[in-house]
Amino acid sequence: MIHVGLQHFLVVAALLFCLGLTCVLVRRNAVAILIGIELILNAAGLNLIAFARFGGDLLSGTVFVVFLIVLAAAEAVVGLALIIAVHRRLRDIDLERSDELRG
Amino acid sequence: MLETNLLWLIPGLPLLGAVLSGLLGKPLQRRFGKKAISAVSVLLPWASFGVAAWCFIQLPEGGSLHDRLWTWIAIGPLEVDLAFAMDPLSAMMALAVSLVGSLIHVYSIGYMADDEGYWRYFSFLNLFMFSMLLLVLGDNLLLMFVGWEGVGLCSYLLIGFWYRDLVNARAGMKAFVVNRIGDFGFLVGLLLLFWSLGGEWMDGAYRVNGGAFSLNFRDLPDLVAAAADKQLWGVPVLTLAGIFLFIGACGKSAQIPLYVWLPDAMAGPTPVSALIHAATMVTAGVYMVARMNFLYVHSPTAMTVVALVGAVTALFAATIGVFQYDIKKVLAYSTVSQLGYMFIGVGVGAFWAGSYHLLTHAFFKACLFLCAGSVIMAMHHEQDMRKMGGLGKTMPITRWTYWYACVAISGFPIASGFFSKDEILFQAYNAGSLMVPGWIIWLLGFVAAGLTAFYMWRSYFMTFTGPAVSVGGHEPQEQRPVITVVLGALAVGAFAMSFIGIPALWLDSPPQLEHFLAPVFSAAEGLERVFAPGAGHGVEWGLMGASIGIALLGLAFAWWLYRGRKSELPARLMAAMPRAHKLVYNKYYVDEIYDTTAVRGFLGLSRLSGWFDSKVIDGLVNLCGAAARGFAWIDGAIDRYAVDGAVNGLAWLVTRAGGKLRRVQTGRLTTYLAGLVAGVLIFVILTRFLLDVYA
Amino acid sequence: MRVPLSSIDSLAYAVPELVVCGGAIGLFLLAAAARRPRSWHGWLFPLVSGGAILASLGWLVWFGLESASRPLFSADGQGLVIFSGLVACDPLAVAFRALCLLAAGAGVLLSVGSPSLPKTQRAEYHGLLLVLCAGMCLLASASHLLMIYVALETVSLCSYLLVGWDRSRSRSTEAGLKYVLYGGVASGVMLFGMSLIYGLFGSLDLQGLHQAIAGSDALATAPGRWAALLGFAFVLAGLGYKVAAVPFHMWCPDAYEGAPTPFTALLSVGPKAAGFAVLMRFFWGIFLDGPGVGAATLDADIPWPLLLGVISALTMTLGNLVAIVQDNLKRLLAYSSIAHAGYVLMGVVAGGQDGFESVALYMTVYLFMNIGAFAVVSAVDRSAGSEDIRQYSGLGSRSPWLALLLAIFLFSLTGLPPTAGFIGKLYLFAALIARGGTWYLVLALVGIVNSVISLFYYARVLKAMYLEQPALTEPVKAANAAGVLAFLMAVPTLVFGLFWQPLGVLASWSSRLLH
Amino acid sequence: MEFQTTSWLLTCLIFAPMAAMVLIGLLAALGPLLKLPRPAVDHGSRVLALLGAAVTLVLTAIVWLGFDSSMPRLAEMQGYPHLQFVQHAVWIQAFNIEYFVGVDGLSITMVMLTALISFIAVLASLPWGIPKDDHKHFSRRGVPGYMALIMLLESAMLGVFCSMDFFLFYVFWELMLLPMYFLIGIWGGPRREYAAIKFFLYTLAGSVLMLLAMIGLYYASDETRLIDGSYAAHTFDMVKLAVENDFSSMALVSPKLVWLGLFIAFAIKIPMFPFHTWLPDAHVEAPTPISVILAGILLKMGTYGILRVNYTILPDETIWARYGIAVFGVINIVYAAFVCMAQRDLKKLIAYSSVSHMGFVLLGMAALTDPGINGAVYQMWNHGIISPALFLIAGVIYDRAHHRRIDGFGGLARTVPEYTGLVGLAFMASLGLPGLNGFISEALCFIGAFSVFTVLTIVAASGVIITAAYYLWTMQRMFLGPLNEQYKDLTDVNWRERLTLYPLMALMIVLGFYPMPILDLMKDSLHELVAPLARAAGM
């Protein structure tokens, strides 16, 4: 069986991060972007936990991740709330269409 | 040197008159009529003449009077007092100016009798007296300059006295501006003199070798002597100073090339022409050169320039005078020519002779002008001699005074003009210190003398002889006594002046005036002459005879051509040589030449710089803006913000930039996020790059 | 010598946070109690939140005086260690928390009777405001990556909600949505960067990081360098987003314009101040080796001041240029606040005692003048119902006093004496010039040019107010909370312009930590 | 260092107008509350402004009488003009800024000028004699604001001339900007907005340069003690900067750069040749009294600043740059004179003539000689007397004819003889007619400069011709020749205009023949100012 080391975790995290970033950049659907953000956050979380596990002090990394999860959830809530508010108005969550504010 | 506290009154009284009639004149005239004005403005000059005479009596033998009012300018080394000084030269000038001036004031009462600008006229005239006397009596160069410019101003005011006719206004402006050119020369000369007076700068203060710096005429001779070997641009600085000062004199005394203003100046009232443009102001240049004799004797070059310019002017102006028909123009050119004689005198080092001619000329030329004025009045302001004639019968006094003045100017031994002019011509011949042989100067002057005699007698015959003309149905009448008396007085003066200048040749003592002025011109004694003093009598007799002869010749010609105005010869002669006549008649087109070259060029330059300022300089600020504006125009987007909000092109540029940049803010989140990510990446790459740079 | 305290004891130093949180809880309870809107809500809730804020401000003042008189902070100025080093307790923290709370107080005052806030759910609004306060306070004093993240998220979350608060205006919700998504990405990126840093140096505590970096060999290898670079770049992005520095500013104009004016005023100052506090802590805390140089070990490699300087120059230039072409005064002020962030960054770049002094001082001054300007804007907004610049034409004759106040604030923002804004600029430029290097002088010149450019659009408003004939003639009422606030802000703007001795003293005291 | 006199006099002098401004503000604020009619408020503010200006004038007179021009300078103030009526206190400890005011021979002349011209400007702002129906006239629009701003302006100007602390100087300098902007922008002519903002931007651009230079000097200055004895690492004290510091080897920036920064900042105000284009616009648009102040006082600040700051604090650089100053001075003289010839608008012509005449100041001061610098400062004073008179004159005709096109008139001398006389006198004074004050300063500038810049001075002297030409031409086009029937019932100057014009005219004549009162005031101080430079320049 292969031994899973730090690099593996980092690579996965990096991939997650890039995926999230791409999603954020290419999708126009607000919810999709929210998902992309979650991906980015989780990539960071994966990094943290991995570093915590392989060297560094275990505690702070883990604790950080706990906070991260909570805040990610909170952010998702707020995000969704606002998305709903917009949706009520536009019947749509395509961000291309909400560009009243510009210039 | 004798301290007194009277001298300031000599210019002061006319100034008082000027102020009174200037500020209160209008109401006074309305309330009490012109008598009141005359009372103030005519009596005060006489009073100042009285004071001048009194001071003249007080004048110590060979010494001077001095009257210091207060310190005018005192900066570091520069100590200039507001002070007056009277030495023989300025005494002579002051007396002449105040006497002739007062006489002409009297004449003006009659001449200006029916002009509503009476008070203004007399206030200006008094102001002129003040400036002229300031010029004459000023103790130092700067103060002299004040008077110098003051008379210029008054001549401007008086030439343009009838300002409603634009021609007069133009003439006035021409006079002032041309004079200003001269003044520029005078100013530079002043600066050169100041600079040359053998000092240097220490601790930012100008320390003169030997005490505080001074510009007054008592200390200047020694300072100038000390600076004799100083050079600037490889030229002796005294020469430069002398020449620049002489440019000033050319402006004021209407010498080539700056004489052009004087004929036009005849636009002013005739008494003004008599006083300012014949008797006094125009001689200021001569006076200045005589006053600065101690400077000129150090520089043969400068003296040569003065003498040559004078001689050439004398001849040149005389030729023009020959073909003029306007009686005042004739007199104007003869003035220019006579001034040329004076410059010959001072130029060849015969300063006293120059001054003497100045004095005699003051009388007979004033007389001529006033006669002309009386004629013009009689002819109802007709000045063309071709429309005159036969006035002699009805205007005897005018006629005979004019006749005598002609005798004087054309140099017959029974009048003062002869003595002064002849002395000048002899001294010119006698001059050994110039860079050209003296006889050349003499020759020019000699020919000019003949022409002078001719055109003066021509004017006499054309005006007073021949068939009588009638103006408005009746014959021209002789003027009122207030005028004729003045004419007589001036004629007498022209005669009386003879006695102070009778040459040593006739009675064994030197002329009184020469003796009187000697202390002022002591510097000139060093100049070398062709003949030792007392020698060369034969030549002198010869020259004297020659000049009488040529005067007679001129008279004869005039007689032949113009007596009784019967002869057809003049017309035929002109027909014979139309070109030459046209050329001379049009004064060699000098005015036209100046106009097309100098004046046009000047205005063009000013227009150019005006354009440059509004377009280029301001444009530099607008430059980037112009680009931006063009750009905005191209893509058809007129940016209204720049129009109202901002200023200039810089603003345009900035605003355009803002307009472009704002488009980045698309309002689309995707763009924003792209910006964020791009920012991070650029940042990383930049940093990476810097790392390589640093490492 | 650093004195660690137990978390319980530490609470004694976190009074403001406790108070505002308590106030928030109280308000939420009230909200639960008071379902239907009543007239007295209009003044009760602001009273509560304002009270809480005032209380915590009072405590901060007391604490500041105490610490100034008694050696509360140890001699080497490192400060106490509370909450096991999560938050710092030092003059900087005190000063910037006070700033944030002042801004919040102004926000509360502005919200009284503001039409741009819905009548319903006032309690929640003020509750969230207080939570925001807590977040800002923590952010201002956070000295630990975790704390930075948590505080930053708290601030952000509340801001998202409050920006999108007015659901009756589509702009408001749109702004909220954009803000939350942008903020989410930014904080995510920052978090990823933090994780990298954590991995490289094995510590989350700034102090620890300082030593770790000094002793670490992680940078020896190329991947290590890349990782470190990315990490710090990502963190910078997060912090830059908080202070709205180019190119992380794009959320800012939309959010400011969309948000209810009372909250815009707060948003333009409070979080920014906290952001600058943490920015200074992060960079000069980790890479501190005397002013003007880079990190302990990175300094040989990464010229932080230069990079920050570039960002600063970009920020002020872009802010000013785009502000020129704005017609909506709120948006104009948004861009101007971006520009001012750029100015303040000059102080951060200069670093060192006087650098941080200038930042602290400028933020204080900026608080007065910017909130003052927003107060006038909202006063006009109240009667005109719009922030368009046309509403301001002839204001000088319609309501001279408001116009005068706005003129004062605008002159101050331009940086002309005798207003406080000039003093702020003076300190910033002085700090830069004192460094003396070419880079710093160039940056100073850019700043100078920018303050001239900024005149363009400030003068546009002046022109509209004074030089243009009034388009509409009805006077604008200044006798309301907004007018009062504007007046309150104008007083210090002028007084400190003429005599800023106390301000200078405070600033130099507050920046003692980073000697 | 200790100073002879310590008094509150200057402080009162500087802030008297500001007090008037506050009172006017109160009046304007309370007026509506007390139900005062608007005319009452207007008249009240006019009276208050007049009082403010008058009180300032009186205080100035007291300073003048108390000023001891022959007082020996202090030993430790090597090469620095002696100060009197000093008030010296610490203002901002945190930045070593002091409140430090005092006057020397240079300042006091400018202070006197400021007080005088401001008073005349206030007089000229009265609507007295303006037709009743002319409500658009600037003297009837927003009177309280106008008067308050003028008062503020006067305070700022006095402050600039009195302050000896660089920072204080800068604050006052900037303070002038705001009232000027509004006075031009609100009460000005048709293109007022453009002119106002142009003025604003130019001046601000200059002053930010000054700010940088000032901070640079501050950090380059040596440690010293404030007046209260407390230690200061650096100082803004201009006397100390000049006396105790040597900036020739500045670490931070090249001192030449600092010098240039300061010089450009001041040159914009003068205005010097490439930076002068704001002036015509500002003048043409500004209402008459503001033009009066602008030309009479504000322009002098530029040259004053150069003398006060560049000359005393950076002497070596000044010596390095003096040829440049002279060249630009001559360009100003001749070039601007030519531009004058091309002008059609009377006010523009006068504005450019101001540019031309300020050139004499530059030329004179560049020479670093006693006559030169005295001529320069006396020229500042004289121009401060003459150009206000000229602008008042332009205002008189504009109030009547509502245009200023020189060609639009003709033969006016017939209908308005008194006015014509006044114009003539002012023109003559301005073209430097000997016997009037302008001549003396110009002559001194020439005399002082000739020994140093011979050729340049000769070129400059040719300016007298051009000046005469454009003034007389203007005279001829407006007043001489046939009367333009359109103006056959033009009214001559009224009493308000007499009140403003005659004092200036009298000064022109009196100071032409008796200039020593002014010259005595300043010549010692100026010698102290210029002597060290001349010594260092090896003259």
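Residue numbering begins at 1 within each chain, and the chains themselves are lettered A, B, C and D in the order written.
Going forward, a contact is a pair of C-beta atoms (placed from the backbone, for glycine too) under 8 Å apart; a residue touches a chain by one contact, two chains touch by 3 or more.
Note that the structure is a prediction, hence the values are computed from the model and not measured.
Centrality by Cα centroid goes to chain D.
No other two chains have as many C-beta pairs in contact as B-D.
One inter-chain figure worth recording: subunit A and subunit C are separated by 26 Å, centre to centre, where each centre is the mean of the chain's CA atoms.
Per-chain CA centroids place subunit B at a distance of 77 Å from subunit C. Look at where the CA atoms of subunit A average out and do the same for subunit D: the two points lie 66 Å apart.
Inter-chain centre distance (subunit B to subunit D, centres taken as mean C-alpha positions): 36 Å. Multi-chain contact residues, meaning those touching two or more other chains, occur in subunit B at positions 644, 646, 662, 665, 667, 669, 673, 677.
Multi-chain contact residues of subunit C (touching two or more other chains) are listed as 177-178, 181, 185, 189, 253-254, 325-326, 459, 463. Shared interface positions of subunit A, defined as residues touching 2 or more other chains, are 21, 24, 33, 95, 100-103.
Each chain pair that touches appears in this list: A-B, A-C, B-C, B-D, C-D.
Of all residues in subunit B, only 26, 70-78, 82, 142, 145-146, 148-150, 153, 156, 160, 163-166, 169-170, 173, 176-177, 180-181, 183-184, 187-188, 191-192, 194-195, 201-206, 232, 602-603, 605-611, 613, 617-618, 620-621, 644, 646-648, 650 touch subunit D in the complex they form.
Put simply, subunit B touches subunit A in their complex at residues 662-663, 665-670, 673-674, 677.
Subunit C makes touch with subunit D in their complex at residues 397, 411, 416-418, 422, 426, 429-430, 433-434, 436, 441, 444-445, 448, 451-452, 455, 459, 462-463, 466-467, 499-501, 504-505, 508.
The residues of subunit B lying in touch with subunit C in their complex are 639, 641, 644-646, 651, 654-655, 657-659, 661-662, 664-665, 667, 669, 671-673, 675-680, 682-684, 686-688, 690-691, 694-695. Against subunit A, in their complex, subunit C makes its touches with residues 145-146, 149-150, 153, 156-157, 160-161, 164, 167, 170-171, 173-178, 180-181, 184-185, 187-189, 191-192, 194-196, 198-199, 202-204, 253-254, 257-258, 325-326, 331.
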